[in-house]
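The first chain written gets the first letter, and so on, giving A, B, C and D; residue counts start at 1 in each chain.
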Amino acid sequence: MNTASPAPSRAPIAREAVDLTVPIGGVTLKNPILTASGTFGYGLEYDDFYDVAELGGICSKGLSLEPRHGNAPERIAETAAGMLNAIGLANVGVEAFCKDKLPTLRKRGVAVVANVFATTVADFERLTRRLDGEEGITAIELNVSCPNVDKGGMEFGCDPAAAARVTEACRAATRLPLWVKMSPEAGEPKKVGLACQEAGADALTAINTIRGLSIDVHTWKPRLANATGGLSGPALKPIAIRLVWELSRAVTIPIIGIGGIARTEDAIEFMLAGASAVQVGTANFADPMAAKKVLEGLRDYCAARGLAARELIGKLDYVKR
Amino acid sequence: MNTASPAPSRAPIAREAVDLTVPIGGVTLKNPILTASGTFGYGLEYDDFYDVAELGGICSKGLSLEPRHGNAPERIAETAAGMLNAIGLANVGVEAFCKDKLPTLRKRGVAVVANVFATTVADFERLTRRLDGEEGITAIELNVSCPNVDKGGMEFGCDPAAAARVTEACRAATRLPLWVKMSPEAGEPKKVGLACQEAGADALTAINTIRGLSIDVHTWKPRLANATGGLSGPALKPIAIRLVWELSRAVTIPIIGIGGIARTEDAIEFMLAGASAVQVGTANFADPMAAKKVLEGLRDYCAARGLAARELIGKLDYVKR
Amino acid sequence: MADAAHSKRTLHRLALHRRDSIGAAYHVLTFHAEQPLAVEAGQFAMVRGAAWGDAPLLPRPMSLLTGGHRPSILIKVVGEGTRRMAHASGGEPFDLLAPLGIPWSACPTDRTPLLVAGGVGVAPLVFLARKLGERKALSIYGGRTADDLPMHEELAALGELRVATEDGSRGTRGRVTVALEVALDELARAATPPKVYCCGPDRMMAAVAALCATRGVDCEVSLETPMACGYGVCLGCPVKKSAGGYLYACTEGPCIAAERIDWQATR
Amino acid sequence: MADAAHSKRTLHRLALHRRDSIGAAYHVLTFHAEQPLAVEAGQFAMVRGAAWGDAPLLPRPMSLLTGGHRPSILIKVVGEGTRRMAHASGGEPFDLLAPLGIPWSACPTDRTPLLVAGGVGVAPLVFLARKLGERKALSIYGGRTADDLPMHEELAALGELRVATEDGSRGTRGRVTVALEVALDELARAATPPKVYCCGPDRMMAAVAALCATRGVDCEVSLETPMACGYGVCLGCPVKKSAGGYLYACTEGPCIAAERIDWQATR
């Protein structure tokens, strides 16, 4: 029984006239569509597909102080409307990133968010300090929620005090905007978010993957060498949107939504729930153009309703009965 | 690169010769396939389909002391490979259950697990005491993890001390086996499980749904009247299997696995991860015969490999490298 | 007719026999059933493609247009499930859980059946009109435009048809309630008072129910709510009762006396 | 041939032109491409049904059998994705991300190309045999049974074919390595030493690589690992290098010198 009234809208405007800009903790992104860490390489793999500078920004693969080989195969397994990954944060290391990747990205003119990972507070701080000096970085995203490493992953992100310690240390090491990436496995996600806000975070990114396990019933072995892996993709989407909604009502800093976004409608759901911007992750795999398509669809949606993108943020129409 | 060796097996045996029995905290179920609370009515809706006594058991819709109307519509919404529900524990109440449903179920000869829900420890105890006197109940399942009620739902299930208090109170009120249903949203699920074990639980059921939110981008309203609802179905399965694996290594009491089971292979995954039995939930909706099909497939699997069902329990072949 | 509601509900695996498009948005799917499907007008099936895999997950409730060896449904494309049905080709296997729900109640011989349909809601009413056969139902059929009147030819062939469209592109301009008022006025003078059977959007059914209540005319509606199971176990299909509390559309409906529903609550 | 690896990778929406079954488990899917697809032998596509919706989620890596206006793939049904492909009907839209990966390296004129295929691994080798054309490759093709040799006729038509099956139901009984040893012995006396191109199950490729290493024969393999993206961004397709660390099969392979792989690690 659903004859609900349509959402607010004004007279249609031209696509080019749509204001897609969104403010995120000190910076203004040209639009709210970014790509998620670990699902977009270093942003340099897309020359055949499109100009990544059209996006609101890109998040680098998780960077550590030293290069990391990552986990043994198998690293990925598909599940219902989702996938598990246990990449183990394979990456070129922060030095190679600054030397080999960043200069090209700078030339492209794309907003770069450096996603970083460490196993100690001190190393998080070192990474942040190292990046602070680099030109062409729009924000640093602290991955305190990686489920696929033995040490230092989710532990930080599940405990408000620990998350705050990491944030505080990094805050002291840079004037760049700091985004903290939330773990959906925290027992009290709002407390973690608030703790990060108080410790100086400029925005929260939500969410990272949730750990899952998939077993081969022929061999009785896990389908991933690491046994568990992080669940991503559409399967996760309703959980992620719920967390964005909860967080956005608990904190005052902006939220960047992630989790299963594949279509424009998904991005809009996150924004209505309270996200100021979103990141497209797993969807890049099936379609390298996914993020751009989400962006173009958002432009259409806003044009048809005469809205600016930022007018969607947190506009979920809900009153508790 | 996967040429892994197959799992242990013996010479095939006849289907009828397969030993499907599994011991669950004091009782022996005729087989490990049950149906999940809230997805199988009161077990009396299946006369057109099959004899539910063939199953290892059925779990009643969540029972409260007084009848409950439940939430306003919409109560359900589909998501990617899953669904959200916010039924709000609509049920006939424990009295009507004992008077109108249980006598017929007794005649059917099916093992009945009474799933109960309350908003206070005292009411949990009262419910348990009320059911304790009834003939034909195999176990009581304490739903301390319902995400769809304002009070008393997940709070108990997310906090080890609170979960223990409920378990302890109910333990004193009955000699029937007590199963405690785990919330996947607990920050420290192993601690909750251990606390329940110490408080006298005979088994843990894992998992209940995880809260999600889905938004209609045309109306900007939540697709459920309650805004959030519990996510169930295949989307959830890898998370549920991971939690069963974690819990089964933390506690010594048996685990009953639930979450997205639709096929025999799914049930086997849960058993390999450490479940002694499983419950089929959302899959009953698309196919009322789902649980029976899972059971027959399990019989085939065991027959082909000359295994007893209980030989699957916890046999995941994994050594941390 | 309600006796056949006791037919055994079964999950039937049926191959699609043919699919006929009606304009862009409507399709009739006809299945091939070795064993005839015993269904009554107003009953429904939960329909799902056997090869859909994990998504879409749930079956979709669809009124049956016919039973027997050639069960059929009329679908309107509104989302992923109906989109898949609209692309199905002959031979494709479907699972139909049927027959489900309470059918239309019989129309007493001292009453004139008056059918009020909106858009795709016509399906259970076409079935009913066929059953009524010689009694030649009077039907009122409304839609937004002329394109939203699938099966208007069938209805016309089965009795008298009056059409109303909101944009006036076919029949009278306006809502069905206007045409219904006229019909009720006419029948007020007739020997056999009318009994209204109505299926369409909630807002239309609410308006028809209200009109019939004022006129003291019997009115039965066919409820449409989202459903997960269709057979009474999920409690996902509540409809607010005028007497308070909820009834469940899949087992207490879909066909039900309009007066039992709290139409205020259907937003 | 490697120059064409620089062809622009594009997501092509192509309609299925035809599907040809080979026994129960194998199918050739041929697509219709308005613009010819520029691909080299050994390259692959990430393939996904455009109407699959949310599940299966990821595209499936498939070696290209042909490019041009009629790109085609050979599939073996092993799971949900390939099952769907095996049921696809003409006209069904698919997305192919292609061309991807490193193709087979050219076979120098002073070498005799020797193709070693296992089961469905034959696809990139049939493509290669076609490219070799006049040079008439010698092929060795193995499978469990005679049913596991799809495209053996194509290979036979393109040069000399020697078949080995584990159950002896066609050709010599046993593994391909036995037939390969014989061939290498023969070619040891030839003027142009052999260059081996191999694609099949890991265990077969490991054995072929080991044999070639002992004999000092150049050997190139085509790697098969699960892949999520196919173009280097997910890091889901690592293969252990003999030099330590991992290489990524989608961008550093799939065609690669066998000696670069640590075959012990491929369990």
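Convention: a contact is a pair of C-beta atoms (placed from the backbone, for glycine too) under 8 Å apart; a residue touches a chain by one contact, two chains touch by 3 or more.
Keep in mind the model is a prediction, meaning the values are calculated, not measured.
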Chains touching both chain A and chain C: B, D
Mutual neighbours - chains that touch chain A and chain B alike: C, D
Chain located farthest away, centre of chain B as origin (C-alpha): D
Chain centre separation in whole Å, for chain C relative to chain B (CA means): 36
Centroid spacing, where centroids are CA-atom means, of chain B and chain D in whole angstrom: 45
Distance between chain centroids, defined by C-alpha means - chain C, chain D (Å): 54
Where chain B touches two or more other chains at once, by residue number: 1-2, 4, 72-74, 80-82, 233-235
Residues within chain C bordering two or more other chains: 54-56, 225, 239
Pairwise touch network: line, ring, star, complete, or other: complete
Contact set on chain A toward chain C in their complex: 1-4, 80-81
Chain C to chain B touching residues, read off their complex: 8-11, 46, 48, 54-59, 95, 97, 225-240, 245-246, 265
Residue numbers on chain B that touch chain C, as the complex places them: 38-41, 45, 48-49, 61, 69-70, 72-78, 80-83, 85, 87, 90, 233-235, 262, 282, 284-289
Chain B contact footprint on chain A (complex, rising order): 1-2, 4-8, 72-74, 79-82, 84, 158, 185-188, 210-222, 225, 227-228, 231, 233-239, 241-242, 245, 260, 265, 268-269, 272-273, 301, 315-318, 320-321
Touching residues (chain side chain C, partner chain A) in the complex: 54-55, 201-203, 223-225, 239, 266-267
